[in-house]
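Each of the next two complexes has subunit A plus one other chain: subunit B in the first, subunit C in the second.
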Partner chain A sequence: MELGIFVQLLVAGLGIGSIYALVALGLVLAFKGTGVLNFAHGDLVAFGAYVALFLSLLKLPYWQVLLGTLAIAAVFGVLLERTLIRPLLNAPAFTVVVATLAIGLMIKNALRLSWQENIATLPSPLDGVTVRVGDVSVNPQYFWIIGCSIAIMILLAVFFRRTLIGKAMKAVAQNRDAARLMGVRVNRVFPLTFAVSTAVAALAGVLIAPITGIQSEMGSVIIKGFVAAILGGFNSLPGCVVGGLVLGTLETFGGAFFGGTFKDVTAFVLLIVVLLVRPNGIFGGAEARRV
Partner chain B sequence: MSDSAPIAVPAVSGAVPGKLARGLRVALLPIAIAVLLPPFLGSYYHFVASLALINVIIAVGLNLLTGNAGQISMCQASFMAIGAYTTSYLTTKVGLSYWLAMPSGGLLAALLGVALGFPALRFRGFYLAVVTLGFLEITQILVEQLPSITGGVRGISASRPYLFGSKLSNDLAFYYVVFAISLLGIWCAISLLRSPTGRAFDAIRSSEAAAQSLGMPLARTKIAAFVIAAFYAGIGGGLYASLVGFIDPLEFGVWTSIRHVVFIVVGGLGSVVGSIVGAVALTVLPELLRGFKEYNEFVFGSLLLLVLVLMPTGLVGLGPRVRSWLRRRADHMRDDK
Partner chain C sequence: MKSVIGKLVVAAVVATLALLGSTAAAENGVTNDTVLIGAYGPVTGPAAFIGLGGRDGAELALSEINAAGGVNGRKLKMIFEDDAFSPAKALASVKKLVEQDNVFMVLGLSGSNPTVGTLDYLRDAKIPTYVAIASAPQVTHPFSHYLFRGASTESARYGEVYAEFLTQYLKVKKIAILSGADENAKNEADNVERMLDKWYKMKILTRAEFKVGDKDFTPQILKVKQADPDIILAIGQTPEVSIIIKQIRDLGLKQPIFGGAAAVDNSIIINAGPAAEGYMGGWLTPLYLDSTEPPMTKYMQAYNKMFPNAPKGRPNLYDIMGYTEVYVIAEGMRRAGPDLTREKFVSALETLKDYQGSGVASPRTFTNWHHVGNLNQQIMVVKNQKWVPVAWQAKHESEILSSMKKQ
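Up next is the complex of A and B:
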């Protein structure tokens, strides 16, 4: 295979994979922190893209749009946790699934009504730049996606290891009662967890928008996030990142060699195979179950 | 399976004939209305009523799986699609009679229910929800990618069946066919729930470990639940294709699956009557709210949240609650005097 095409596919695969990794990170963060698997997470990605769209209509520069979106998303995450997620904290899995799906549906409907069915897109910060490998050009937005994703992952790692709040969030995720006994205000940590989770989702939305465009169906990326998270073991943050990158690369190369059908089906085949062969993912440890 | 679940059925058997008779008496009025009223209504009402009954069939099947056996499924729309496409393909392209094609659709859906049930044995809760969502996406992609069978994204047309040599193009005639089949489906579900298999469903929902320790075959029971729910959805899909006359992949997405779940949650989990009430009410409601069509998902979403939080037993759970509230009120009144 020609080097140029290989690089083009690799960059696109890692770029898309970074998006999947971000989606998976947000999902797993909220799941570990609160025990709620948020099926509305995909629609939070769409929410981020739409917020950025409205901010960019105000003719703000890109970095203001980006930071503004993250801030608005974080506030939205807190509100979401306070109003809708809080009653679900100790609910059975079925209730959580159905309720969060309902929340997602409402967000999606609201987004669609806000912009009608029009297709929109965001400008990319690297719009004028061209990247060429040999005679093949690579979309520069992929580099921006990868760079931003790496930055946010490093930030998150530092946040969880070095800051008190981050450590408190980790403690709550490990053992809620023990954390409470150690003086962590668990009820303050939950909204914070959702703020981080929603902001990461919104970041994924802002980053992917220049490539896929903005529509209310963007939320379906949640399935890819699930697959990435399951590949990574569903309880490990580095696992999510690797899972997302593996999925994105496999999908992109598979699609180039075997056509679009293969690309669409890869994620689900991978999902079923991993769950059957290695249900704890590549990184996850075995999980004990209480009977 | 009847011999394989040796659980003691505590003294219910004696009460069944009386209960059955009471059940029949309660059912008589709705059945009489459903049979006698439609000839006096317009064709649009026949269409909506048929749609409601098709949703009843799917909801009854899903409720056995989710409400009774306790397994989450977000992919009833896929089984519906399998039934619908099989029926359309066999009738229009192969030339098979509808009365063979439609049950084949149900059987194929049931077969794929086994295929899904096996991996589903290993998952519970969130994982099961994710796996069934994945299954839904796969079937939708396959429908789009196999245009020679399914017509791809452009869809495929389906025709009305012939009965006794005449085509059922009349909505009223087709309504009676749907009505008969849904009645059969409801009766089967009620009988099933009274059988050892039905009791095994309830048992594995309450505690898999306890059910297993009593000798219930967990794997077989779970797969049976998946297969039955898939069969109901497949039959519903076959009827749906014929009623609407045209199907495309958009009909069978996540939204449709969520609607099926809304039916049983709003109606009442684990109750056949709940499935019927939920499906009928929530098929008719959007028709009444046609002016607000774009807010449809919003209405369904908020309804679902409200029901989950305020009345987890659904509409059928309201009856006993209202009765006990009235009794308490009466007691208070008496005490005050």
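Up next is the complex of A and C:
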């Protein structure tokens, strides 16, 4: 394989991997803070993109669109938590998971009906810019995505390890009742976690949109985000980033060697192989519980 | 029943029912003042844009026809069922329309997969069926007196028109294809390859596949780049093709791009931006949606009046197809005369020759040996960020008709 082609494939793989990483981060954040696996996460990514689209049609500058979207998403996350998740807190965990699936479906169908363009686009400051080094070209939006992913990863890692609220979130995720007994205000932690993870999902939507366009099915990226999170060790934030980049790269090379329709196959074979060798993912530690 | 009165009551009820039965409507779905049309299509799920468009377009035509007095004194009424793009649900919808709602005919406003699921039932039950949108060959082959295809064209026709356009008008010699792995895209690309070989003895250089939902096409585009074609075909759905066009230009390829039938859309121009300049594709009606020609502006006015809060992206191609084919159906009913029966209706449809019910429609022809209503495709090109028709019409006789003639 020519060096130029190899590098181009590598760059493309890291690029798409950064998208998976960003989606995985939001998913794992929600899990770390509540213990809830939020299957609506992909559709919240789409929601964020559509909110940004709506704001951009009001002719607001990009920064206002971005911050406005994050704010609206945070509020929406709290609303979801209050109306749909809170009543289910005492239900079995599986019920909550199915509820998030239903929420995702509702959001997706609402988006489908309200915006029927086949694909919409979000104006971005980097429109029309392509970075070229020799034979290799990169969409600079990918730098933005990976930069934000790493920034979020560091911020969240510090947050969970160093701050009181972060530790409270981890406690709530581990054992809600015990956390309550220790004085953690679960009724504050849940909405806060949902607000932040919805905002991260919306950020992913805004950053991905200039590359992939905006359409109601864009939430399907959650599947790859999920795989990336598992690859990295589901509870590990750096694992999300590494898992995403590894997934994107191997999937792209798989597509080059075996044909475009084998990208997904490569992704899932990779997942199976990694789980066979390291069941807790690349960075996951085995969960130890005092009995 | 022990008592005499009880027996008398039963006899009276039976007699009344017998009388009512004998004065029932002469034909299913037809009364003195109404004709009932049953329609199905996806209004939920990812394919909802097809059914929503088809249904609303049909409703617009129905309201116009009814406002002008209906057909032979009868108003046309439509009952619409959601099939969620599932063959099982489509069949259930059609059965409900035929057996419970007693519709006069069935209008298919769904895609190929669900539509194919209904055809055996409708053919056996001899229900006049007009498929406006699906392109699956099973609608018109084998020939059935009761099944018609309207605005959409046979899936094989795409291959014929593209092959002729590429070789005779663009005169390209080296073609590479990027095609989706989904049924429609795969068939479309297979048909192009087949007709290029059959009619013009041309083999394509390379073909790379992608899946619906993919966001990066670098491996496939690099494969095409290595083959060094004169033109690149991108056959798939709008979201994927719009990214493909951008990435083709980003990766430094300068060849013109020709898109599949599902990828002729204003949103591609908006999404791909300057990269879309010169992009070509086939469109099923003579005018594009934003044409300033009078028939299209008239249509848009009527549409915006009936649907003032239409979401962005509407009306779409399926709005137009639902609209034009209701006019064809109404013409068939008109020609069948006031004594409307299913047999008379299908025979009347077979008298249509180059019928254009509306200025935005392609001409419609049916005969008593084929019900392939439309073989026309208008090739469009993006010029200055707008879709503009290319002044070219296919001339090569379609094999679809010539193969049916021999039967």
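Some notes on this structure:
Note that the second predicted complex is superposed on the first by the 241 of 291 C-alpha atoms of A that agree within 3 Å, B and C clash if a C-alpha of one lies under 4 Å from a C-alpha of the other, contacts with A are read in each partner's own complex, and residues count from 1 in each chain.
In this section, a residue touches a chain if its C-beta (ideal position, glycine included) is under 8 Å from a C-beta of that chain, and two chains touch if they have at least 3 such contacts.
Please read these numbers as outputs of a predicted model, since none were measured by experiment.
Once chain A of one complex is fitted onto chain A of the other, the partner contacts of A:113 extend to both subunit B and subunit C. Within the superposed three-chain model, A:89 lies out of touch with both subunit B and subunit C [touch as defined at top]. Judged by the touch definition given at the top, the superposed model places A:133 against neither subunit B nor subunit C. With both structures placed on the common chain, the touch criterion links A:156 to neither subunit B nor subunit C. Residue contacts after overlaying the shared chain place A:165 against neither subunit B nor subunit C. Of the two partner chains, subunit C is the only one touched by A:5; subunit B is not.
Judged by the touch definition given at the top, the superposed model places A:60 against neither subunit B nor subunit C. In the superposition on chain A, no contact is made by A:71 with either subunit B or subunit C. Contacts of A:264 after superposition: both subunit B and subunit C are touched.
Comparing which residues of subunit A touch subunit B with which touch subunit C, the overlap comprises 109, 112-113, 220, 260-261, 264. Subunit A meets subunit B in the complex at residues 37, 39, 84, 87, 92-99, 101-103, 105-106, 108-110, 112-113, 220, 223, 226-227, 230, 260-261, 264-265, 267-268, 271-272, 275-276, 279, 291. In the complex of the two chains, the subunit A residues touching subunit C come out as 5, 8-9, 12-13, 15-16, 19, 109, 112-121, 127-128, 130, 135, 137, 139, 208, 211-213, 215-217, 220-221, 252-253, 255-256, 259-261, 263-264.
Across the complex, subunit A is touched by residues 44, 46, 48-49, 52-53, 181, 208-211, 213-220, 222-223, 237-239, 242-243, 250-252, 265, 267-268, 270-271, 273-274, 311-314, 316 of subunit C. Contact residues on subunit B toward subunit A in their complex (touch as defined above): 66, 70, 72, 74, 119, 122-127, 129-131, 133-135, 137-138, 141-142, 145, 208-209, 254-255, 258, 261, 265, 294-298, 300-302, 304-305, 308-309, 312.
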